[in-house]
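The following pair of complexes shares a single chain, chain A, combined with chain B in the former and chain C in the latter.
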Partner chain A sequence: MRKPSPIIGLIFWSLVSLLTLFPIYWLFVISVKPAVQLFSTPELILSDPYWGNYAKVWGDRLLRSYMLNSVIISTGNAVICTVLGFFACYALSRFNMSGKESIFFWTITNRMAPPAVFLLPLFLLMTQVYTVGDWKLLDTRIGMILVYCTFNLPFAIWTLRPTVDGIPKELDEAAYVDGASSWQVITQIVFPLCRPGLAVTLILTWVFAWNEYLLAATLTNFNARTLTTGLSEYVTTTGTAWGVMATISVFTLIPALIVFGLVQKHIVAGLTFGAVKG
Partner chain B sequence: MQSKRLGWILLAPTLVILFFFGVLPFIYVVYVSFHSWNPFAVNPEMVFNGADNFRKIVFDSAFLNSVGVTVMFVFFAVLSELIIGYFLAQAFMRDFPGKAIFRTIHTLPLIMAPIIVGSVWKLMTTPSIGIIPHYLDEWFGISMNIGTSAPAAFATIVIMDIWHWTPLVTLTLIAALVSLPQDPFEQAQIDGAGKRQIFWHITLPMIAPAVVATVFIRLMDALRTVDEVWMLTGGGPGSATRFVGVHIFKEVFPKTNYGYGSTISVIVLYLTIVSCWLLYVTMLAPRSKKD
Partner chain C sequence: MANVTIDKVIKRYGAAQVMHGVSVDIEDGEFVVLVGPSGCGKSTLLRMLAGLEEISDGTISIGGRVVNDVLPKERDIAMVFQSYALYPHKTVYDNIGFPLLMAKRSKAEIAEKVKGAAEILDLTKYLDRYPKELSGGQRQRVAMGRAIVRDPQVFLFDEPLSNLDAKLRVTMRIEIKELHQRLGTTIVYVTHDQVEAMTMADKIVVMRDGRVEQIGSPLDLYDNPVNTFVAGFIGSPSMNFVHGKIASDGSSRVFQSDSGLKLPLPQTTAAEGQAVTYGVRPECVRIGEGGVEMEIVAVEPTGSETQIFARSGSDLIDALVKERISARPGSKLGFVIDPEDVHLFDRKTGQHI
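Let's look at the complex of A and B:
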């Protein structure tokens, strides 16, 4: 095959990267502009950055608590979804249960629900049904972690299934012959072998939970508010504080960037989403 | 074979969580869909009206229009994402200097929250302050106004979606391409097959499940998108970008027509499940049952 020259490749990839990065760059540009400049003629090159928005956001104690909530909720949710998803996949893959393929498909239908209408029943359930004495599930971190399971758990199951299916059953059987218990087989043999798939599931569910907006905006009001809902607080009747909003967006982006960078190399290995059988 | 009980025990937490946070709300929505109800009114009263909502939906041109717009959107966006994603995935299969960096850059849009993506694109495209209309006008003399021009708004949303989700398609296709066996390709080259023949007869059939899976995920998400579109255009101008997700949102919140909104949701959910089920049964399931 013809080998394309590295220069052309480099130019091609630089162009693609430029297009990819531009909106992110623009977000940053807006975050370092004072409000008055926003409505003047836009300029491509950044000059004279203004860090006032950053000082404002950094000094906002409320936003820091939102940040903490976001970290706890998305990490808790990602861990729960990955572990439970793994257990579910192991059950679906190894046991001959009746109707298991229907259950497998049914899980993903939970992700298809149009969110706008499901807000109200969730709100009612969390204020009136899922309560213990005075304690309500609404506006709690654990509540949000569980609610996010409705879209992340099916995703985890569907992403992990091919990985778990790909681990040969003979390995389990050999371990049983050696006298291992079911729990040991699952946690010490199959779980470590699924690591690439688990890493991808963990990171993608984390990102989905981190970025969720509509549910968080409706089902929390103070204690469990997340960073994305902090954004909408700057859309007011007197106009939108775009600069502050962009700054919060940049803050939202940084942790996601770090987490994503850490597992970058596992991503391709584990992302087959029910499609390719190893 | 071990006892099935262990299987059910492992599956139980998943089933319990999805039952309490997925099935129960769904049952509630189905119940409400047979009623006329405005929960935000001064005197909220749920009035049973049988199948009226369902009858209404058949003649509701706004809803039918939103289905049409959504189908068009899914078609243009997902098709472009597949084509661009495939070329990028193929390009990433080669080794070149700086590959890791370029791949990382390419996946960045994935980690951005839809609501942030919507805001940035709004700021980039709003007439008079946005950078895109500004330079389109200055360099090419094209005037672009997503507030008044329906095609411009629709195209902007499609491009935004391509920008945001092509990385996911690329990653899925890379994963599929990496795991392909090499023999058929070598054999085909020995037999003198052309590039195009290799693509249509070998590559495409072998990555078809991955392609279907991607379409599946994108279709599902496109039908429930609200944040991005709401932020960028609010469904307008007119109803040009009023996708079903946005349509339901508008029916429930500004119009507070909760009963009817529930009916639309039930119908949309039904349509989504049926189309995904057909895709799944015809394309994905036979392959996974083979061994």
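Let's look at the complex of A and C:
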């Protein structure tokens, strides 16, 4: 069979990449234009960028605190989900429990409904139930971390299960015979071998929390507001600050791009892990 | 070094009992091979010895200490797995040194012992490599290195050669035997390959369906099998079996098969008319004049010897001879059997008469 020319593939994938990346480019273009130029005839090639929006956003203390909240909440959520998800998968993979496949299935059910369904019960739980004296979980970073964990932990378990299942049990047994304790088997053998899957889970859960808007907008007022909710504050009755919003969006995008870039290799390895018998 | 005593060991998975009171005594420094077909329970027994499977009933003792409830790491044993079970993220050095690291030995001691084991196993130049960068035989040696570095009381091998090609298997067989001679440690070795069992063992334990069929030295099992299962399992090519009965042929007694083939009988207590299974090893069947005439079905020369398959009625006989035979399938040859080489088994129970 004749192999198709690599030029055709190159052109095809360049076009697909262009289509995918164009909105991001356009977002950047909007962010470096003053408000008066936004609705003039669009220019495809960027000339004379205006950095005023960036100075405004960076100088805004409130937005900086939103960004810090986003970093803390996303990272806390990702770390907790990945670690707990890993241990849950290890237990599901290595121990015989009655109904463990049912447990595995039902963990994901809360991802099957739209998140809006959970808004009211979560709001009531955080304001009426999870309280200590005057202190409430509502509008706290830990509150948001826990809320995101309820959605992302099942996802983490589903993502990590094939990875942990893919580590042969004989390696655990060999380590036990070699004198390792259960903790040492997990930390020295299984955990390092799951690194690609763990990286994927960490990144995806981090990105889910980083990008989330609906829950953050409803369950935070001021103290734990995140960058995505900050965006909506620029849609006001007097008009919409498109340039500033685009700049915030660029700020939102940059960390995700950096993290993805750093662990890209692991993500590809993790998504294909266990797909074929080694 | 230690002796191992397996006493009336039973294994159940829920309601299903898969091992039925297995007892084996293993002497200090002995090389014992557990052999049997797939599903006979040999690997389960080895895993119970290692502490990787619970013992439902009975006791296992290592060096006089009952280890039923002792964790694998406290049994002072080392195990080589069929898949080698090397840690893929660790180098050869770290793989071999892992048991010492777990035992909290000093770095200097680990380095000394790992290098010592690497020298014995000819792995010195591969210490910085990862398992994926090694050949099958080298991986096998790393797995053995990880076992010997601990200087355990007992080595357990679970079909360690079955993933290797035929040539490498022979080489590794010799290496394992040499290792045993050098270290003198008690070895329990599981295989389904009877040639491996015969060539390596001081003592063979033949198992079937969770029971021990016979225990003995390789030649003892070859010469004196207690039943048709052991007789058929030990020896390659496997023993010929012909079903029939004891009959009289004038003044003497002969074996007469169901299809009428008459074969010479050894001295036996079996009564005339008794239904028996006649067993003779292919290498004990010679070609010569005055023998039983049979029709050649196939001739398979291997160079050093020739295997001949012959038929008389519905009875098939397999002969392994040193001579080179030019006979063609369909022609007839005389086969001579020395009565002293014949084994008679009770046809119903399969037990040696």
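Convention: the second predicted complex is superposed on the first by the 260 of 278 C-alpha atoms of A that agree within 3 Å, B and C clash if a C-alpha of one lies under 4 Å from a C-alpha of the other, contacts with A are read in each partner's own complex, and residues count from 1 in each chain.
Operating definition for what follows: contacts are C-beta pairs under 8 Å (C-beta built on N, C-alpha and C of every residue); 3 or more make two chains touch, one makes a residue touch a chain.
None of the values given here were measured: they were computed from a predicted structure.
Following the overlay on chain A, a side-by-side fit with no clash is recorded for the pair chain B and chain C. In the superposition on chain A, A:177 contacts chain C only, with no contact to chain B.
In the superposition on chain A, contact of A:189 is made with chain C only, not with chain B. By the touch criterion stated above, A:46 is placed in contact with neither chain B nor chain C. Using the contact criterion defined above for the overlaid structures, shared-chain residue A:245 touches chain B, although it does not reach chain C. Applying the stated contact rule after C-alpha superposition, one finds that A:15 touches neither chain B nor chain C.
Comparing chain B with chain C, more residues of chain A are touched by B.
In the superposition on chain A, no contact is made by A:142 with either chain B or chain C. In the superposed three-chain arrangement, the CA centre of chain A forms the vertex of an angle with the CA centres of chain B and chain C, and that angle is 90 degrees when rounded to a multiple of 10.
Per the superposed model, the minimal spacing between any CA atom of chain B and any CA atom of chain C is 6 Å.
Shared interface residues of chain A (contacting chain B in one complex, chain C in the other): 176. Put simply, chain B touches chain A in their complex at residues 1-2, 4, 6-8, 10-11, 13-15, 17-18, 20-22, 24-26, 28-29, 39, 88, 91, 94, 96-98, 100, 102-117, 119-121, 123-124, 128-131, 134-135, 163, 171-172, 174-176, 178-179, 207, 209-210, 212-214, 217, 220, 223-224, 226-227, 244-245, 248-249, 252-253, 258, 261-262, 264-265, 268-269, 272-273, 276-277, 280, 284-285, 287-288, 291. Those residues of chain C that touch chain A in the shared complex are 50-52, 71-73, 77-79, 81, 83, 85, 87-89, 98-99, 102-103, 146, 150.
Those residues of chain A lying in contact with chain B across their complex are 6, 9-10, 12-13, 16-17, 19-21, 23-24, 26-27, 30, 38-39, 41-42, 44, 84-85, 87-88, 90-92, 94-97, 101, 103, 105, 107-122, 124-125, 130, 146-147, 149-150, 153-154, 157, 165, 176, 182, 186, 207, 210-214, 228, 231-232, 242, 245-246, 249, 252-253, 256-257, 260-261, 264, 267-278.
Chain contact summary for the complex, chain A toward chain C: residues 168, 170-171, 173-181, 184, 189, 192-193.
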